[in-house]
Amino acid sequence: MIIVLKPQATETDANEILDKIASLGLKPLYMPGIERTVLGALGDERRLKQLHLDSYPMVDAIKPVLSPYKLVSRELQAHDSIVSIGGVKVGGGKFTVIAGPCSVEGQDQLFGVAEMIKEQGVPLLRGGAFKPRTSPYSFQGLGLEGLKLLKAAREQYQLPVVSEIIDPNDADLMYDYIDCYQIGARNMQNFRLLEAVGKQDKAVLLKRGMSATLEELLLAAEYIINAGNPNVILCERGIRTFETATRNTLDLNAVAYLKEKSHLPVFVDPSHGTGVKSLINPLSRAAVAVGADGIIVESHLNPKEALSDGHQALTADDFARLMADIKPFVAAAGKQL
Amino acid sequence: MIIVLKPQATETDANEILDKIASLGLKPLYMPGIERTVLGALGDERRLKQLHLDSYPMVDAIKPVLSPYKLVSRELQAHDSIVSIGGVKVGGGKFTVIAGPCSVEGQDQLFGVAEMIKEQGVPLLRGGAFKPRTSPYSFQGLGLEGLKLLKAAREQYQLPVVSEIIDPNDADLMYDYIDCYQIGARNMQNFRLLEAVGKQDKAVLLKRGMSATLEELLLAAEYIINAGNPNVILCERGIRTFETATRNTLDLNAVAYLKEKSHLPVFVDPSHGTGVKSLINPLSRAAVAVGADGIIVESHLNPKEALSDGHQALTADDFARLMADIKPFVAAAGKQL
Amino acid sequence: MIIVLKPQATETDANEILDKIASLGLKPLYMPGIERTVLGALGDERRLKQLHLDSYPMVDAIKPVLSPYKLVSRELQAHDSIVSIGGVKVGGGKFTVIAGPCSVEGQDQLFGVAEMIKEQGVPLLRGGAFKPRTSPYSFQGLGLEGLKLLKAAREQYQLPVVSEIIDPNDADLMYDYIDCYQIGARNMQNFRLLEAVGKQDKAVLLKRGMSATLEELLLAAEYIINAGNPNVILCERGIRTFETATRNTLDLNAVAYLKEKSHLPVFVDPSHGTGVKSLINPLSRAAVAVGADGIIVESHLNPKEALSDGHQALTADDFARLMADIKPFVAAAGKQL
Amino acid sequence: MIIVLKPQATETDANEILDKIASLGLKPLYMPGIERTVLGALGDERRLKQLHLDSYPMVDAIKPVLSPYKLVSRELQAHDSIVSIGGVKVGGGKFTVIAGPCSVEGQDQLFGVAEMIKEQGVPLLRGGAFKPRTSPYSFQGLGLEGLKLLKAAREQYQLPVVSEIIDPNDADLMYDYIDCYQIGARNMQNFRLLEAVGKQDKAVLLKRGMSATLEELLLAAEYIINAGNPNVILCERGIRTFETATRNTLDLNAVAYLKEKSHLPVFVDPSHGTGVKSLINPLSRAAVAVGADGIIVESHLNPKEALSDGHQALTADDFARLMADIKPFVAAAGKQL
């Protein structure tokens, strides 16, 4: 860790800090410059956090040398993690599509979509039973009734299920009905929720918050693994920027960066990432090409009747086109669908 | 609500939508143009949401005429709401300072700060017992032990207490220990948490999410009021932008805008809003001048020993300067401290 | 155009505006609602701008129905434009790589890179003679000397040349030395510069501003075409967001959106778009897959000696890997390199 | 300067860099750590830029210790600069209002506004003759005719004049007609323009770019001073964020930060900074309170007839209210209007 002192800092100020560093068993460094004095601390700088050096009045800036996350990092584990969702392996040489409706609305709706995606070769079903909605007046999901329908669809079509959790209390309840907990963007830093799924042994699909940095996303994953559950899948779903032509800005830099820094699988959500139906296909192709391990997309056989997010839901025809569209790019990436 | 059709939409497409609008008891409007056809629906457009018109393939854009919130709006209640925190009235002609440490760390630390702010005329104490932290390796708060200390400080110094809630389950537990629930920026759209405090009758200080629009903030407040609790205070605490010189960008436009649209009191958090100790005073003065009803600031008698956010905590001397600094501006605003 | 009035607007207020609309030969529409009155104007709404309706105190919001650009739009020309850079056709079924150093630094440096990219099959050379630099103390480019070297390289290696223009006065001077003017991100709304290249007949590569919306980018292109030069190529080069892990956030949503709305070729600059050398390859593949017509990348045979942007410059080996990397994706996209 | 090496860097890699540092006459520092090696360079690190260390493959990150600007900094000059605009002193203990129309549209319009603001005690007139407009179809300003009107107004009402320059060629032409060059947000990094006004001896009002960091703004000012003109006034005018309720997000953190780092006067533009007429007054008061040296606001006697930005122009009545509104806050700040 590098500590830059203010111009007016004295040698006494420097020594106070150097002594503290030494007291932790780290090696202190004194680097007086012409305009500024710089201090260093060699060793495991994570331990330095307890010194709270940023509270010292003579400290101008703290520049950490190491990243604050560890368990998710390639420095800890160089090879790719492969995560199982109800027996379906995600990551490695596979490109996996997860599809289904935004919300579970009823048996006919859910089973219709499940049958359609099954025919298209999709191995995993998504569907929301608990819906986080911006307005209290919007449809909030079917709750337990939705979970039961998801379980029934899983059995009927042999499709393991991904569904969103929004309350730490629901972790045990959901366990029997689903194969992968989804943490939505609004809850990426709901730390109680991260800990709750961290105590389960099923996979977790962790979506990036709308304005979360990649470091924060990796630290949120670190929470889950630190609580005991290593089965984490990261998911880029678009960030908030000044641009209004698309609902969000899908950040594919993030995918390449995350694949470089972390061993966890990385998915992309082009439905929320664009919010525009006609952009889902090109961005899905781009997700393949940039190195993502899969995509999660919204589909509905009759979007006009959808109770949420119908504008970005793919019909059966749209979906068939999507699968045909990405196929050559998956091959170009040397992966299997 | 205005519905813009795509250039290729036919009269049949338009009629399908117009019939749906009429079926809800709203008045449909047909406006064929040279390049585009535009449709309208007159009446309570909130009911139109159930039509999911944005899912129709021939619909290019939906332009709502009314805002989606109601209970928080000046259209419902023109005069300012005044909210009581343990008997201390907030809003109206008052400018209220809430102060205290980021985290409760122990009795000496908490009582020391409480005594100091009491002497400075501050009527309300803040302190975190449950801390949402970006890293799982950071101090997570004292929990129940912290709540007990807050209650003790309240009794000793006659300072009603504001403290953050991070889990819906804690709402009942916290009720006896605190006078105002704080919802942090990361939880602004944790809807279960909003509902949980919405079922209580104590005040709620609702912080704006780091990338939440003002409409989303107002809708989050709407959740709480809709669940039964009208005692909501809004709080601007800085948003995320490209600028890195300050930790966040304090959005004072937001304060003026919220005061115009909503009857709820609006606070400002200059500690998190800047993240730089030397900027807290000027931005606190600006908060007064822009029309805020109060500020919430972090203070610690010995920031070097603080377990969180020490770099932005005000010492006793800093705090005395802050109070002296804002005093003439509160007078200029025609308010009382 | 849709005009939403304030709640307190009277019928007289509405009539004043309706009369103005009628006076322009457009068809006025009166839509009184329960909470608000809405007005409409049917016809060429671009003419409505002269009414400045947003200045009327009783007008709450103006919602345009049409986009403000025309010449760049697919509504004017449905098929893809193909632009020639010194005889090399860009757009249509081609995927084109433009490569070269950030700055021209001397003959050995420039010719070395030119020879290398020529061997790799790259048809177009880039190189900066006039450099816009954030700091006045940074290298500002070789100026005319640089242009002469570019022209010499063009002749020696048969590589038409792209180079940045930063002053309207230089348009004529540069004309003899280069084949395509580049407008940098910082100058996207330097309207005098847009007009200056709009009066030339050579291609213009127009980079998106760091915080320019896609509508503003299209309007900047509209300036150039409106001034007489239809040979415009759009270029996404990363936008400014809160994320700091990468220098910019490459917005590939933008590419898909621009290809949908406009007939102009769209390029991607993965060097500036990421600012991280190891991310250039994955993002170049993604650019191919999302539908871009080409990429522009920085290359230097000895980045350690580069006078600008060496950290993101590809060496000969890096460059060979990039070309090999994108090849299967160009094939998957059904295009030719 | 601190140089962090990659984990796989060898001692040979480190030595190569240390030798380079020594060759510049700076003192090299070698700090081997457990996970990483860190190098340092003591002395004037601005000279290190010529080493381009960020291009070295074994360099992971460069962390500068000093800010890259000098002439604008309080480290060079601790006391406030006072800048004269046609004899009117700006900065120091004064709070100065600059007002006038967005565009000069004709003699009646300009003189009407000039007379009104003169009566209100405003010492400086603004008005655009050359207008940078997003769309090529919008009014582009009266040009030289506008300059002549400005000069006439200056003489008639004894109001020195601020007007925008958009082309380096116009610097000499404008010199006789105006007292202060304004550089607009879109041109903050138009370096030729910065140099052109840097060669003049009249004041320059430099607006912050829409997504410019404060460091970039200070470096743009450094360009002007470095070219020979020290009479620079900085101006915050709102930045681009995700928020759409206001046209821009006025960043008052910026004002406090700039006043701390730089000796230059800092102004605020609440008209563009909010884009909403009803927010101009509260944000003007906040600008006073945060420590700004003045504001620049748009005014028009008949906004309905304005050719640009009428929606944010203050009428005579609005303007009188603004002046009355800020008066007590200027007094609270201990300044004179």
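Read from first to last, the chains carry the letters A, B, C and D; within each, the first residue is number 1.
Everything that follows uses one rule, which is that contacts are C-beta pairs under 8 Å (C-beta built on N, C-alpha and C of every residue); 3 or more make two chains touch, one makes a residue touch a chain.
Model, not experiment: these values are computed from the prediction.
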item	value
Other chains in touch with both subunit A and subunit B	C, D
Homomeric contact subunit A-subunit D: same or different residue positions, threshold half	same
Euclidean distance of C-alpha centroids - subunit C vs subunit D, Å	26
Length of the line joining the C-alpha centres of subunit A and subunit D, rounded to whole Å	39
Centroid distance [mean C-alpha coordinates] between subunit C and subunit A, Å	31
Per-residue multi-chain contacts in subunit A, two or more chains	211, 240-242, 244
Residues of subunit A that touch subunit D when the two form their complex	2, 4, 7, 29, 31-36, 38, 40, 42-44, 63, 65-66, 75, 211, 240-242, 244
Subunit A-facing residues of subunit B, complex	46, 49, 52, 54-56, 68-69, 132-138, 166-169, 186-187, 189-192, 210-211, 216, 219, 222-223, 226-227, 240, 303-307, 310-311, 313
Residues on subunit A engaged by subunit C in the complex (per definition of touch)	211, 213-215, 239, 241-246, 249-257, 259-260, 273-274, 276, 278-279, 282-283, 285-291, 328-329, 331-333
